[in-house]
Amino acid sequence: MSVTKQEIKRLGEMIYLDLTDGESVRFADLLNLVLKKADDLLSGLKDKPLRHISQLRNRMREDGVGIPLPKEKVLANAAETQDGCFRVPRILED
Amino acid sequence: MHDFEAVIGLEIHVELSTASKIFCSCPTTFGAEVNTQCCPVCLGLPGSLPAMNRKAVEYTVKTGLALNCRIAQHTWFDRKNYFYPDLPKAYQVSQQDAPLCTGGCLEIPMGEKGTKKVGINRVHLEEEVGKSLHAGETIIDAVYSLLDYNRAGIPLIEIVTEPDIRSAEEAQVFLESLRNIVRYIEVSDCKMQEGSLRCDANISLRPKGSTVFGTKTEIKNLNSFRAVRRALEYEIKRQAGVLKDGLAVEAETRHWDEQKGITIAMRSKEHASYYRCFADPNLVPLDLAAEWIGQMEAELPELPGARRQRFIDGYGLPEYDAQVLTSSKEMADFFEEVVKGYNDPKTVSNWIMTDILRHVKDQDEETEGIPLAPASLVELLQLIEQGTINRNQAKEIVLPEMFEDGKSPRQIVKEKGLEQISDTSQLEGVIASVLEANPDVVQDYLGGREKVMGFLVGQVLKETKGKANPRLVNEMIREKLKQ
Amino acid sequence: MTIAGMSVVEILEGQQRGEFTPEEVLRAHLDRIEAEDVGAFLRLCPKGSPGKGLLQGVPVALGDEVCTEGVETTAGSRILSGFVPPYQATLVGKLEGAGAAVVGKTNLTEFGLSFAMEDALFQRTQNPWRSGTTPGGAAGGAAAAVAAGQAPAAVASDTGGDVRIPASFCGVVGFTPTYGRISRYGVIQHAPSLTQVGLLAQKVRDIALLLKVLAGEDPQDATTLPGELPDFLEKPGEPGSWRIGIAPEAYRSCAGGDVYQATEELWQRAAEELGWQLVEVDMSWLDLAQVARRLIAAAESSSSLGRYDGVRYGYRAKDAQDMRELFSRTRAEGFGEGVKGEMLLGTYILGDQAHYEAYYLQALRARNLVYKSIKDLWQQVDLILTPTTPRPAGEGETPLEIFTGPSNLGGLPAISLPCRLVGGLPVGVQLIAPAGEEGRLLRAAHVLEKMIDFASSRNGGGQRA
């Protein structure tokens, strides 16, 4: 089972990443290479999955209110703003 | 329709009423100026990290306990990955694989049909997203949208029921009961209008008696209890129509259009995809000790079910009264406060359930509280008992004023000059002239028709513009005619 | 001796003796940056006279993934060009609080995702040992800056060897503490479960000093370790004989002949001169660890880098008509090829249940296998000694992170010391310690450093041309 160019395009859509045909081919090759190695080395392992490397537990803070960023700083890095908000083009596609 | 049965499951989101957000110390105040309650964490700025709000975890566990759930001893938080402008990190921290609470149930009152048990699949903790403000009537014809992240990062719990609900009415009652519990334990204000309580519904139909599930649709945009009920009633009819025509129901998400009263299929590629969940490395797992969970349980206030029973046993109220009075924490609290000052539970209950509730219901669905001080109802009841005013005056004149401008009953009585005339010398003249003017009636009375007494008392009341103390008038006439 | 090129300790001592002032120290380093352009810095941000403290007047370079308030921070990516953080990393506050002077932001590969510094997007960074040669990555700029005497110390993140690999290539000390020892708050990361904030300097003592300043619990990073900080260097009474784990067979199959030989000679000398006790251990899992680490990093990247969508900050594609176009083009134009490939790999392995089980979950199983295998080794040994890189700077088949990745998988402290020259270029040797044992690691490294005496040794010939 190998990853196709079409599959790469679909993955690109999932993470909102336009890909050229050339890129899709190169990335398909890349994935196939890595996945082959993973198939060879990782399949059949039965160890418990290690989800958290930190051995700490229950780290929580008290419910205290602090000072938020000034609005100018919130918006300072945005490419487009309007009425104190971040502006984006229409959300729905045709 | 009789040949189909509806199978309904609800997914409810409740914003927790913590002072600060789930992962940062930004305030959670509703209605603040746009983008003024944000910081690097809730804006998802690169490099920022989450710091879990202890209260958010406590509130989730308390909700789970109130809904009879098992509380996980080991749990963690996942990243639910999807793209949307209102989601600053392109993932929502949520709990996919290890929800804090699972396997609960809620018993809901179904009137004469008794109670019904609805299973709770899970209660988990996650973070709220920001708000998109669409330029244009709806998201569909908006040319652009504006993003406000004040809401992003408010702690949110998701409550998922088992598909145990069988009608639109049950769905509404469930939601009301759930809201009641959540407000009882004071973890959220549950205002549907402000979006702090939101509900999506999954619904399918199947032939009565069948045990397999039909294809379900998901209904979104249910912004009030009424909407939940109407949308489900509509959707049941719609699906039944489709099935009766021999067609198949599409598995899809549908949007409730409140104005038109219909559900509309939504095309939403964005949310259709798999969420690529995995454990968020930036938050460490929670290991909840049994003692800690026990402590949370001990901190729970008396829940509606228990309180209802106590109202029956302790105050000697009929089951119906107890049910209505405990259907909101505010009302039950109000009742108990009034009874403390006026120890006649049934009378207090009658007042609340009839006259007071009528006033409250005239107001908004969302307003849960009774806008009266318990002490003022105590005062009103005492005025009646003391004979200063009569019941009718209390209901028709004083109570509406109390709601209107919050004045004390005594003050209203004084301002309106409602004090009953209990001075016999004042009444004697009036009674004499009434008797004189109605000799036939007097004869009837003396002839044994006691019923006409009411007429005579009424006449006296009329003459005194309702101020005469009817009990006193009654006694005085009786006395006079004995002579 | 000129100021630029001195170690942190030398600078502090020189200031204490009144030989030069903090201002002169900063000036000397800025002059060196100007004089010898190795492309280490993306931008300079020298601040005025810093306050008092443990690092008073010590210039420190920061990898450009470390957020500096009011100073552009890009993590080496076009998608963040122009981003000026309205906040700073916890570690920046700690450095400045200790009197250190942040001189500038150093180059790295895009989001630190590649260990090949040639992949860096904004500029080419040279290995100060030989122009035209790679300094290694991801923190190539930081290592080159320290090696070229442009900053006596640098701070940069490490998810698989990003600090130790370039340290090895550039002949400086590179260190990563236990996972959670130094706050990651404000450090731009692609794979947070693997990220340890690392340190670069010329000497082990410098590292110990920096660690003392930077270590500690941070309420803004839930994974930071609480409690008393261990003694990093001061602990008296070095045991003469650490038990040192080595895996000659695994090293020979992964490292080039020259590198293997250099490492073998080193442990033999350590056994003879320091009385270190050599214990042969099994590390047959190196390849498995390499692939597992890559998959985990890719999966986490596909999620962590989702936020770059052009809405709130960073690069934004022009004239997009709808949201999909805005996001898809912003990301297509903003990310470089290497990052796109890893994000797609990560999306693939998380992207449906079957792939999740076959790859992501298996990688987590492998992570546990490595974690437990190393944990078991601590029964037999006190430290593990490996080559840092399979080769000196230059081409090769073996993944550069083959020896450095496992300590990130296990969250363990590790250090790379310059070992000797191979073909005229430095290579490092790595020590790995159990979690929480930075003290043991640094004390042993200190002894080993003295024995190697890289700067003046015959084998090392450790002076840059």
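We just call them A, B and C in the order they show up, numbering each chain from 1.
The rule is simple: a residue touches a chain if its C-beta (ideal position, glycine included) is under 8 Å from a C-beta of that chain, and two chains touch if they have at least 3 such contacts.
These figures come from a predicted structure and were not determined experimentally.
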{"item": "Higher-contact pair (C-beta pairs counted), A-B versus A-C", "value": "A-C"}
{"item": "Chain whose Cα mean lies nearest the overall Cα mean", "value": "A"}
{"item": "Distance between the centres, which are taken as Cα means, of chain C and chain B, whole angstrom", "value": "56"}
{"item": "Centre-of-Cα separation between chain B and chain A, whole angstrom", "value": "40"}
{"item": "Mean-CA-position distance for chain C and chain A (Å)", "value": "23"}
{"item": "For chain A, residues contacting two or more additional chains", "value": "14-16, 51-54, 56, 59, 61, 69, 74, 86, 88-93"}
{"item": "Sites on chain B at which at least two other chains make contact", "value": "39-40, 43, 51-52, 83, 85, 147, 276, 281, 283-284"}
{"item": "Multi-chain contact residues (two or more partners), chain C", "value": "83, 86-87, 193, 219, 222-223, 302, 306, 309, 311-313, 323, 327, 347, 351"}
{"item": "Complex interface listing, chain B residues touching chain A", "value": "18-20, 24-27, 33-40, 43, 51-57, 76, 83-85, 132-134, 139-140, 142-149, 269, 273, 276, 279, 281, 283-288"}
{"item": "Residues on chain B engaged by chain C in the complex (per definition of touch)", "value": "39-40, 43-52, 79, 81, 83, 85, 88-91, 147, 274, 276-278, 281-284"}
{"item": "Chain A contact footprint on chain C (complex, rising order)", "value": "82-84, 86-87, 179-180, 193-194, 219, 222-223, 225-226, 287-288, 291-292, 294-295, 298, 302, 306, 309-314, 316, 320-329, 331-332, 335, 337, 340-341, 343-345, 347-348, 351, 358-359, 361-369, 371-372, 409-411, 435"}
{"item": "Residue numbers on chain A that touch chain B, as the complex places them", "value": "14-16, 51-54, 56-69, 71, 74-75, 82-93"}
{"item": "Chain C to chain B touching residues, read off their complex", "value": "65-67, 73, 75, 80, 83, 85-87, 89, 184-189, 192-193, 219-223, 299-300, 302-303, 306-307, 309, 311-313, 323, 327, 347, 350-353, 360"}
